[in-house]
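If you scroll down you'll find the structure; I have some questions about it.
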Amino acid sequence: MPDHAIRGIIGYTITPFDDDGRLDLPALDLTIDRMIDAGVHAIAPLGSTGEGAYLTEDEWTAVAERSVRTINGRVPVVVSVSDLTTAGAVRRAKAAESFGADAVMVLPTSYWKLQEEEIVAHYQAVGKAVGVPVMLYNNHAVSGIDMSVDLILRIVEAVDNVTMVKESTGDIQRMHQIHLRTDGQIPFYNGSNPLALEAFAAGATGWCTAAANLIAGHNIQLYEAACEGRLLDARASFYRQLPLLDFILKGGLPKTIKAGLDIAGVPVGAPRLPVQPLADPARAKLTEILTALH
Amino acid sequence: MPDHAIRGIIGYTITPFDDDGRLDLPALDLTIDRMIDAGVHAIAPLGSTGEGAYLTEDEWTAVAERSVRTINGRVPVVVSVSDLTTAGAVRRAKAAESFGADAVMVLPTSYWKLQEEEIVAHYQAVGKAVGVPVMLYNNHAVSGIDMSVDLILRIVEAVDNVTMVKESTGDIQRMHQIHLRTDGQIPFYNGSNPLALEAFAAGATGWCTAAANLIAGHNIQLYEAACEGRLLDARASFYRQLPLLDFILKGGLPKTIKAGLDIAGVPVGAPRLPVQPLADPARAKLTEILTALH
Amino acid sequence: MPDHAIRGIIGYTITPFDDDGRLDLPALDLTIDRMIDAGVHAIAPLGSTGEGAYLTEDEWTAVAERSVRTINGRVPVVVSVSDLTTAGAVRRAKAAESFGADAVMVLPTSYWKLQEEEIVAHYQAVGKAVGVPVMLYNNHAVSGIDMSVDLILRIVEAVDNVTMVKESTGDIQRMHQIHLRTDGQIPFYNGSNPLALEAFAAGATGWCTAAANLIAGHNIQLYEAACEGRLLDARASFYRQLPLLDFILKGGLPKTIKAGLDIAGVPVGAPRLPVQPLADPARAKLTEILTALH
Amino acid sequence: MPDHAIRGIIGYTITPFDDDGRLDLPALDLTIDRMIDAGVHAIAPLGSTGEGAYLTEDEWTAVAERSVRTINGRVPVVVSVSDLTTAGAVRRAKAAESFGADAVMVLPTSYWKLQEEEIVAHYQAVGKAVGVPVMLYNNHAVSGIDMSVDLILRIVEAVDNVTMVKESTGDIQRMHQIHLRTDGQIPFYNGSNPLALEAFAAGATGWCTAAANLIAGHNIQLYEAACEGRLLDARASFYRQLPLLDFILKGGLPKTIKAGLDIAGVPVGAPRLPVQPLADPARAKLTEILTALH
């Protein structure tokens, strides 16, 4: 695998709101600093966890700019620039690059199902618009579009700066295929939290996770054990954090991570409706899981 | 079934763009007039076909206002007001009502999967915001959310002005259940084109279809045969139009309907990227199908 | 559609067992006579409902022979001859023909998924072995094999005496495709009970149903209304019987039909384990549904 | 995890036939000896790979007896005793025990979908009939029944001698849940070949695989690396054998393993129809894959 700046634990930021539902940028700074202080290897603002899809264009821009400025080169930053329209994704990608992002992440979301050539053209438009690397992001559970390994490799071939693949389908066989068919030359990143152990076993370069807001130390421990080939340690670390990983997957990331931060003494407000805050019984369960991990 | 203003063929509008990708409202007027002249029983602007999800807020507002004004009471109008956020859906519903819409249609779209109570709350918020009836719209293929019959009936129970159900899953058994469990008291509308014959057989009150832009006469003929209980005529009419219905379903509504209007001499521009215009071989096929129908 | 001997309501027999789990052939005679007396248009022994897959070879042969002899030409008889191996299906088909069956029905069941050419070869082997028509039967829910419309038409093309298609997937679009692509020249039969109304609306030649053991009169009423193009009568008849049709589908045919016959005063024993008899609360519900229908 | 006799690589036997389609027991002996000589830790006759479902009762009995006698205590033997009926599974389990099997494997196959209590009762009947341990086998792709982790654990709880779980769904999350919810006290075995690396990473006790007929040395190498916690070695070993594992999964086990043995100079005949022998282009591909592995 080629040397690559982005590897290890890539922490997703949430987007904090105040009581009136407006952006709370100082709280955003706080959550970024927490993750960097805990040792994450990179930060990814405005992904699924960051409620990027629920923000107005002005809000999106403000969060992107502030995130890059706050991170300030301490770790690489990958800004999610996904938009329903190609024009919107291009505009966001250019903005992210102008703020100083090290890479951009693109998930082809669509209301109407897209044909393969439409998806390729979407990546070509974004790739051509920026000079930084593009991380292709596959996650049909949120986007409604499932890119096959064939299509992913076709895009990687067609667009020079699509150099990283983030796979969030939770299907380990796709990672196998990416590895086998590229002789391990295309780094892939895992975005399915309960697959973290197996993705590293299969050779993933990194793990993009919102869990790093809550248990970055555990995430890093698993990564390091995997890097060093210590399987038994990696397994033990993984099973320790699995109850949390399962919980945040089933509960939905924005609502569970925001609740977890609040439990940890970092109030970041509620998700945007129709997504509601974590209900009390689930919050009690989350507290219990987090306590067991500290 | 209670008497109800909205029944029969409800034609979806497309949203015309000019060569620069800007709204072309005179072309919108033309497509509306065509459908009304052809005899459709109601019009539904800004639905899936209308690329509502791809418009800016200003564009959405302009299309909603213009549509209602152009229709001008000639037939009932149901404006789709779906938005990813509850605040957005409420704002659009109020706008549509203020312009004079007879009803609004709400599809709960979501990036994050919603819990049932979040979906109910979303409908409650919209229902409370307006005085006009709300048509609940179920279509997981575009929205990523599949509402069960149980949930649909729970919403109908919980929100007074949710008085109509549009089912687009293509699963006839759901229509059976709605009919059986409400003793036929909740009118349901079919949104799956190749299910038109069977939906009417099962008692659907109406058929929401973009096909009315191209073959309104055939659509109306099927509806009238079904209303009058003439099964053999309904079947014959249905099989005549099925090749077109299959074609527009598989090809995607905005691109195929826009191509069909262009073929018919009504240029309405391309869909918004990443959705591309209908490619040439498919356009030739569409021409052939339409010719056979005239 | 060409004239065809087999049409209308085709009643599936159950296979009665005594208290020791042995075949009860006199009870089989009784259930056959009941259906013929009630007016069904044909009888299909040893199908899914008949627990054909659970019988030893000797039992299967005894039931096939006895069924044909008891029916004795009063109505056409279609014997299901499905077996996991091709050799077994051929043997059963020959036996059924030798007993006097008017047609045989073949469902390609398989433990290992079959390739398309393997399925075609299976039908060729059976078709070649007998002189009577073969009804192709598609039902992946019980067989694990889902034949596409393409494959079905390929088999119809390749094997002369495959002249009828029984579709039990419950997907009305497949019936549309069979009708459209053969210009209505291949008769198709519906095997999904809750789809009965729509299958007839779409032009089905017959309805293969175990419900005819319990409510043959209602089944026939629906068929006749559909034949004569009286849609409103067909719809009313269908919704009356739908609660029973849903119940037997969800409960499983052998156990619910056997319970229904017992309720009707025709004891036919329990299904073969691991399938258990209908439990008491469900039996009470079935009694209630049947009472409402008489 | 408790000490347990059965662990490591558990090789599935195929069932050889001669040119007339009759059992070829000397060839069976040969394939068994090959696997034991190559170092497999246990042998499992008559599983899916062994075409157990396609044999007559007499054939099944002959293969079971011969397999146990040939293995002759050199390694533990787990005989698959699955049958569509409970009576059949009980009869086979007793026979296997009488021949000297160390354990029996039970897959609940069914034509009719089974309710959970029916599946539990099926396992209770088998468990009560024998004194040896029972390995529960979950594989809906061949059986049509998908047992949830909840149901699996309910059966383990209800039946004393169900002490092992073989999971072949290919879903690693189920293995996680079995491990987490039993504190690692229930040994689980992987039956999905392309999941071998990850199953061991997650703590699987063994890998039941037909690949051991062809590449037992590679299988054992992966197991040993995993046991000793050498992740990088395990990964390298896994990716080397993955092309073969993918090939046999996609091609179907009996036909690909039989072809592979033939290529290796051990003729074992064709699978039973409708399953056909591996076609020539695929056989050439298999030769190529095997050559690369030697």
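Note that the chains take the letters A, B, C and D in the order they are written out, and that residue 1 is the start of every chain.
The working rule: contacts are C-beta pairs under 8 Å (C-beta built on N, C-alpha and C of every residue); 3 or more make two chains touch, one makes a residue touch a chain.
Model, not experiment: these values are computed from the prediction.
Trainee: Mind listing the chains that sit against subunit C and also against subunit D?
Mentor: Neighbours common to subunit C and subunit D are absent.
Trainee: Can you check how far apart subunit A and subunit C are, centre to centre, with Cα atoms defining each centre and the answer in Å?
Mentor: Going by mean C-alpha positions, subunit A sits 52 Å from subunit C.
Trainee: Where the centres are mean C-alpha positions, what is the separation of subunit B from subunit C, in Å?
Mentor: Computed value for the inter-centroid distance: 38 Å.
Trainee: Of all residues in subunit B, which are in touch with two or more distinct other chains?
Mentor: Nothing qualifies.
Trainee: How do the chains pair up in terms of touching? List each pair.
Mentor: A-B, A-D, B-C, C-D
Trainee: Inside the complex, what are the residues of subunit C that reach subunit D?
Mentor: Its residues touching subunit D are 21, 48, 51, 53-54, 84-87, 108-115, 117-119, 121-122, 125, 141-142, 144, 252-254, 271-276.
Trainee: Spell out the part of subunit D that touches subunit A in their complex, as residue ranges.
Mentor: 170, 172-173, 176, 179-180, 194-195, 197-198, 201-203, 226, 229-235, 239, 242-243
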